[in-house]
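Chains here go by letter, A, B, C, D and E, matching the order in which they are written, and residues are numbered from 1 within each.
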Amino acid sequence: MLYRTAGQFKTSYRADQALFPIRQDAFLLGLILVCAWVVFPLTASEFTFQTILTPILIYSLAALGLNILTGFAGQLSLGTGAFMGVGAYACYKMITLMPWMNPIIAILLSGVFSAGVGVLFGIPSLRIKGFYLAIATLAAQFFLVWLFEKWAWLYNYNASGAIQVPNLDMFGFYVSGPQASSMTQYYVVLTIVSLLTYLAINLTRGNLGRTWKATRDMDIAAELIGINLMKSKLTAFAVSSYIVGVAGALFVFMWRGAAEPNLFDIPLSFRVLFIAIIGGLGSIMGNYLGAILIVGLPVVLNTVPGWLGIHVESALLEHLNIMIVGSLIIFFLIIEPHGLNQLWRLIREKLIIWPFPH
Amino acid sequence: EGIFAPNLTYRTGPFAATGIPLMDGQKDYMTMLNERDGGIGGVPIMFEECETGYSTEKGVECYERTKANAVVTQPWSTGITLQVLPKTNTDMIPILAPGYGFSPMANGKVFQWAFNPPASYWDAASMIVQDIAAGDLGSLNGKKIALLHLDHPFGKEPIPVLEAMAAEYGFELVLIPVGLKEMQNQSAQWLQIRKERPDNVVMWGWGAMNAGAITEAVKTKYPMDQFIGVWWSGHDADLKQVGEAGKGYKSISWSMPQPDAPLLADLKTHVYDKGMSEAEDTNAVFYQRGLVISMILAEAIAKAQEIHGTGEINAAQLRDGLENLDISEARLEELGMSGMVPPFSTSCDNHTGHSGAWMLEWDGEKFVQASDLLMADAAFIAPLEAEKSAEYAEANAPWPVNESCN
Amino acid sequence: MELLNKIFVAPFADMIAAPDFLMQVLWEGLVSGVLYSLIALGFVLIFRSSRIFNFAQGIMVVFAALTLVGLHEMGVPAWISVALTLGVMFLLAVTIERVVLRPLVGQPDIILFMATIGITLFLIGFGEIIFGGENKVMITSELGIPTGDIVLEPFGGLLILQHIDITAVLVAATLVVSLLLFLNKTRMGRAIRALGDDHQAALSVGISLQTIWVLVWFIAGIIALVTGIAWGSRAGVSFALEVIAYKALPVLMLGGLESITGAIIGGLMIGMLEKLFEIYWGAPLLGGNTESWFAYVLALVVLLFRPQGLFGEKIIERV
Amino acid sequence: MDALTEGYVTEDGRRIGGVLMEMKNITLRFGGVVAIKDISFDIREGEIRAIIGPNGAGKSSMLNVISGFYHPQEGEVWYKGGVRPSMKPFEVARQGVGRTFQNIALFEGMTVLDNVMTGRLTHMKASIWEQAIWWGKAEREEVHNREQVEKIIDFLEIQSIRKTPVGRLPYGLKKRVELARALAAEPSLLLLDEPMAGMNVEEKEDMSRFILDVNDEFGTTIALIEHDMGVVMDLSDRVVVMDYGKKIGDGTPDEVRSNQDVIDAYLGVAHD
Amino acid sequence: MLDTAPSVSRETGAETLLEVNNVEVIYNHVILVLKGVSLNVPKGGITALLGGNGAGKTTTLKAISNLLHSERGEVTKGSIKYKGEEVQDLDPAKLVKKGVIQVMEGRHCFEHLTVEENLMTGAYTRNDGAGAVAADLEMVYSYFPRLRERRKSQAGYTSGGEQQMCAIGRALMSRPETILLDEPSMGLAPQLVEQIFGIVKAVNEGEGVSFLLAEQNTNVALRFAHYGYILESGRVVMDGPAADLRENPDVKEFYLGVGDEGRKSFRDVRSYRRRKRWLS
């Protein structure tokens, strides 16, 4: 009865199109927001901030960006890591060239650069499809990482070739660099992630979202009913890369503190792809669920033996970890190929009709 | 209770091959102290590993996980070092990165919390060049030296110093990067070496790259005696790959295996015989280097205990220990480790110790000593260290500097 | 002007000035290309029969090679180790079919692709537990593979041809020819191609998915073992070898995902062009290490003109 | 001929206008296969025009030419009184040519409502920023278009499946949703490729009703391909008959029905 | 007309090949599609399965040939017997070996294979030698001369009718005893429909192959079939010899479109609407 929808009537299309036509959903969201904004920050330890809360948010955002491209617009991308890199390096250059710049503005602007690069590498999608398109994104992936390595201007000619996040302050608080506190950074990340999620929800449920989904489901038919495929695909690349770029900037500025080109190599891309797919392609919430699983799981796995008081060699633990993550990926794909989001939806459907079986 | 000294290991991932013997050595040494002496100064050492697989991300997780109680962090990768470096200022935990990390960390005034004894990569570069010059730096004029390096912060470390030396002594430096994905297939790099015909090839390699480079060198018939690696490129298993054909290959090293050292006898009784070790070849260069690394940490702990008059030292106290290391010939003798590492000492403004190193040569079966102790050209390196560390501090302003150092 | 010279004149002058070196470059490229092709072949076979983009091919190579070396280290004679390794690869094929593929029949391509990444992770963890992370020496000579080299002196220069490389080229050629015959001339081969087009229809005419998938994954396992021996003889066997999967991807795309011929020609093209580019342009002008992306960019450019790759099946688009 | 420019009046009294679209000497080849060989015919405003012919005759290809998916090697397409330059399919669609497909081409991952809404996207103008913020114009537009779509949904009697993902629907309903999507764009020319294939009589009758209503109420011109002669003969005003790329007949249903070529090539027996 | 008793004895009295008993099918664990379907296919007969869209014809055929699995569907109740042997847990390949083959709805040719290769895959399960297979290929070509002309074309580029022929030909290549034929007439020109049904008849009489035929085109189906079942919303609502069904007023009205006053023009649909009497 918790999820009873009886009695909730819609009297206008506008109400029917509201974000949460079902009251319980709105309530649930409120609860989550309260947790994210108030409860977690009050209770979390430094360790939790650094290894769970902040990375989950950042990875969710990256996955959200990828999901727009792959889940909504149907264009497979394996180059997310590199686009995150573009965002991070753009932010680094802006901050070092214009130290007066507000860091949050810089982070939001850095997405513009990755959007540009994304569109550039998205152009082949007009001709190339499916797995073949993956090659275009992989070309971006490998070329960009190579460029981060070779173009010394990008990292201000540092000897090590790595970038180091400076201490930046805003209204008297350090928001990035070694002086910044994890909680401040968490709030910055949370704000940006919430904002972009809200915008992404609107985009995906509106006209543009439908255009993307149509392109994904059947591009020929989409074109024949009047969709400009070029525009549809390129906007998807742009919006997606923008979000991914911002996620990249957050990744380095609000969390990692330093970055070497390698960081943005293919394992990062795969990790984000995992999150998007395990969470559910074509969903927004899935990205959060996926990130919780993929980011949180190894942390938990590492802690479990400690709780149980079993001593496992850390290398063995790591091997087991990889095996478990691999198996879980397969496991989740098998039980619900459409991801955790779909799983949640089924549960919700069951709750709505509960206690009746059909 | 005890002293919690975690180690951020990589026994997995692409660099596991070189990581494993090092980690084994480190662990066995600490086990031995616990078994034989009940720890250091009577306090047992809790030497725990946290596996990173050489991934920076996992490294940070390990750092965060362990930092609450840890007296030290041993990041074991240049990437992780760079990332935790700024954090240690606020967290006040010393980084111990023996023979790796960021060379300017030698400047203790700027990098209050970072230590890379006994020698830095820049030391290595300087000593290798000296060895090539066979004592006569003037002879380098007009020569061509190729730097075959991993295209990664680690591989790029020696470049500033080598470039400066090239300018100073008139040799030509050719940079030949090896991508992480090309480590196993370096034919392009070696073709390029054949094209450039350098007089010497210096290798800054790691993990699978070493084996790849050495096999390729054999294949292309590059003269082995003109091929020199940094200390992470002198792993026995890499050379076993080619065996006899690798004869003449050299690697600079600040540690030297001493199969007959009394320490090994102690290890045998207290560790191996109790079945507490996983080590395969206890005479290998890397395994014994692992022993030395733990010895440095143990000595620092002992020193800190001595300075602060307490057994259970904390991270800040360990820093004092690390700043006042004095690994003298005599002390090594006491430890049963004579000849395993050159004597060195650290101070407030010298966090490296600049011990110097030997050249080891592959004789077809194992590495043997091939030179006297070489010393880095401190006068050449020091200004560079000062310059780069100042740059770092400026880029990361506000960066607290230890004014109490002179 | 200077730049134009460096791009358009100097490299060619270099090539002409040292033809023996050019030949060496091309030979090395050829050999790398053949090795890339070997990995690509495994991919193609699996893709043809199931539209699965098998990312695990790279780790299968490592796994096969490590099993072989591991068995030999345990004292099993070389050729018996080979036979046992094949047995292990067969078991692997059966397990993958049972545990992963069967429950995922009919799912979208990307889901299956992800599942193969899952397999990759699993095998990495599993393999490292069993074999450890150390670099191992391939048992090249024990298998009777010649290890010397041939030194030629064309144009008064120097050209070194390794015996193992020559062997690799020959073995790859044999594999390609037999696979081509298998796919095009046999009943099984036809069934494999049919399966790739339409699972349901294939089932309906009595083609057994299970049998074919096990067979195909097993063949991919055999190819992985051959690849593992070839690569392992060059640089030892360790998990770092897993990244070679990335070298096979552009080969596949360039040649066409379904094409055996494409895999071999794509491999050779990429192998040689990327070496030429790196030696004559990449290293002097771009700071080197262009091999990390050159193949991808090349494949991308080709795909812009032929979206299905050089030899891929034309994408049938009808409404 | 005056009738050509002026139009004509059908038996049941509907007025048919001037020429809306004219195909002139269209030839389409695929490699060696000639799918359409020098075919000309016209479609007039307000009429229901059928294209029939054996399988592989090139009917679908002709629709694809009209909607710009195939570009003929020879010939011209005249639309609304002028030669239509070579354009992309989406531009053709935006000029008021809507269509359905022989093998249903719905967006399977979306709900019925969303599918039909995509039909209206040429009518929606809010910029990406407005959509992202979802205030003002974007929201107004969404509500307005939703109302239009609901009208079509009512019209085609698919209210109950509004929020069902299309993938789960049976074939007949999918065809209806496809029609709804095409109608949502308010096309002036509607192309239907075998709208009644795989339906039983009852469903065919429903579909016929919708087609007639669309033609009548919205004045939409309709070109349809269909193999059910009953439907074709009853619904259409004029019929083009194709056979292996050639046109073998063109005229009113009665004319076509009695054309010997058509009987030989297609009907087999004279249809009642 | 609520005669839903499972098996009605037939005047032919022939041996029953296929027996479907009270089968229930659920898709995705929740969508109940077949609600207890029972039918019999006699040896040597053509049995038609009729019904509107979504009635469950395809599902029934797939349940028999065991192709539901890959669509996340499963038989949750009832039994399917072929020659008295339970077959619902057999994998499709085994069933083909036993002589039951399905021609799927929507043709499903192997797009990238040539027409001839498509036909050859039909012979996959056979092991009676290349000669016999070649002879059968000849036989198929003689039934479908059009296929011989297009034997070297990729199936993906042939027209709908050609693909349908290809699919039926492919099924014939397995030398089946029973063919499950799903909507062979869909999208085919009237002449071709006649032709295909003619071939079905010829194969049935000449080779003794039994057919279970799912069709929308009731008219043709009842002309060629011997016996018919009518399916509505997952239930058999009527069955009987084809000749009887053809004369049944309800069938006439709803499936053949001829009411009491003869065939209605589709133009007049706006003024009336058929409503089924027996369900609602």
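In the analysis below, contacts are C-beta pairs under 8 Å (C-beta built on N, C-alpha and C of every residue); 3 or more make two chains touch, one makes a residue touch a chain.
What you see is a predicted model; the values in this text were computed from it and never measured.
Undergrad: Could you give the fewest steps needed to travel from subunit B to subunit D through chains in contact?
TA: 2
Undergrad: Which contact partners do subunit D and subunit E have in common?
TA: Touching subunit D as well as subunit E, we find C.
Undergrad: What is the chain whose Cα centre is as far as it gets from that of subunit D?
TA: Between subunit D and the rest, the longest centre separation is with B.
Undergrad: Name the chain whose C-alpha centroid is most distant from the C-alpha centroid of subunit E.
TA: B
Undergrad: For subunit A and subunit E, what's the span in angstrom between their mean Cα positions?
TA: That gives a centre separation of 49 Å.
Undergrad: Distance between subunit C and subunit E based on Cα centroids, please, to the nearest Å.
TA: Centre separation, subunit C to subunit E: 45 Å.
Undergrad: Residues of subunit D that touch two or more other chains: which are they?
TA: In subunit D, residues 69, 101-103, 105 touch at least two other chains, as defined above.
Undergrad: Could you tell me which residues belong to subunit A and also touch two or more other chains?
TA: Within subunit A, residues 146, 149, 220-221, 224, 318-319, 322 contact more than one other chain.
Undergrad: Counting only residues that touch at least two other chains, what does the list for subunit E look like?
TA: 157
Undergrad: Going by the touch definition at the top, which pairs of chains touch each other?
TA: Chain-chain contacts present: A-B, A-C, A-D, B-C, C-D, C-E, D-E.
Undergrad: Which of the residues in subunit C end up touching subunit E in this complex?
TA: Touch list, subunit C to subunit E: 105-106, 187, 190-191, 193-194, 196-208, 210-211, 258, 313, 316, 318.
Undergrad: Which residues of subunit E touch subunit C in their complex?
TA: Checking each residue of subunit E against subunit C gives 65, 67, 69-72, 91-93, 95-97, 101-104, 108-113, 117-118, 120-125, 154, 156-157, 167, 170-171, 174.
Undergrad: Report the residues of subunit B in contact with subunit C in the complex, numbered from low to high.
TA: Touching subunit C from subunit B are residues 11-17, 19-20, 151, 175-188, 191-192, 194-195, 207-208, 211-212, 215-216, 219-221, 237-238, 240-241, 280.
Undergrad: Hey, which residues of subunit E end up touching subunit D in the complex?
TA: It is residues 31, 51-54, 106, 157-162, 164, 183, 186-194, 216, 218, 254-257, 263, 265-267, 269-270, 273-274, 276 of subunit E that touch subunit D.
Undergrad: Quick one: which bits of subunit A touch subunit C in the complex? Just the residue numbers, please.
TA: Subunit A residues touching subunit C: 70, 76, 124, 127-132, 134-136, 138-139, 141-143, 145-146, 149-150, 220-221, 224, 266, 270, 273-274, 277, 281, 316, 318-330, 333-334, 337.
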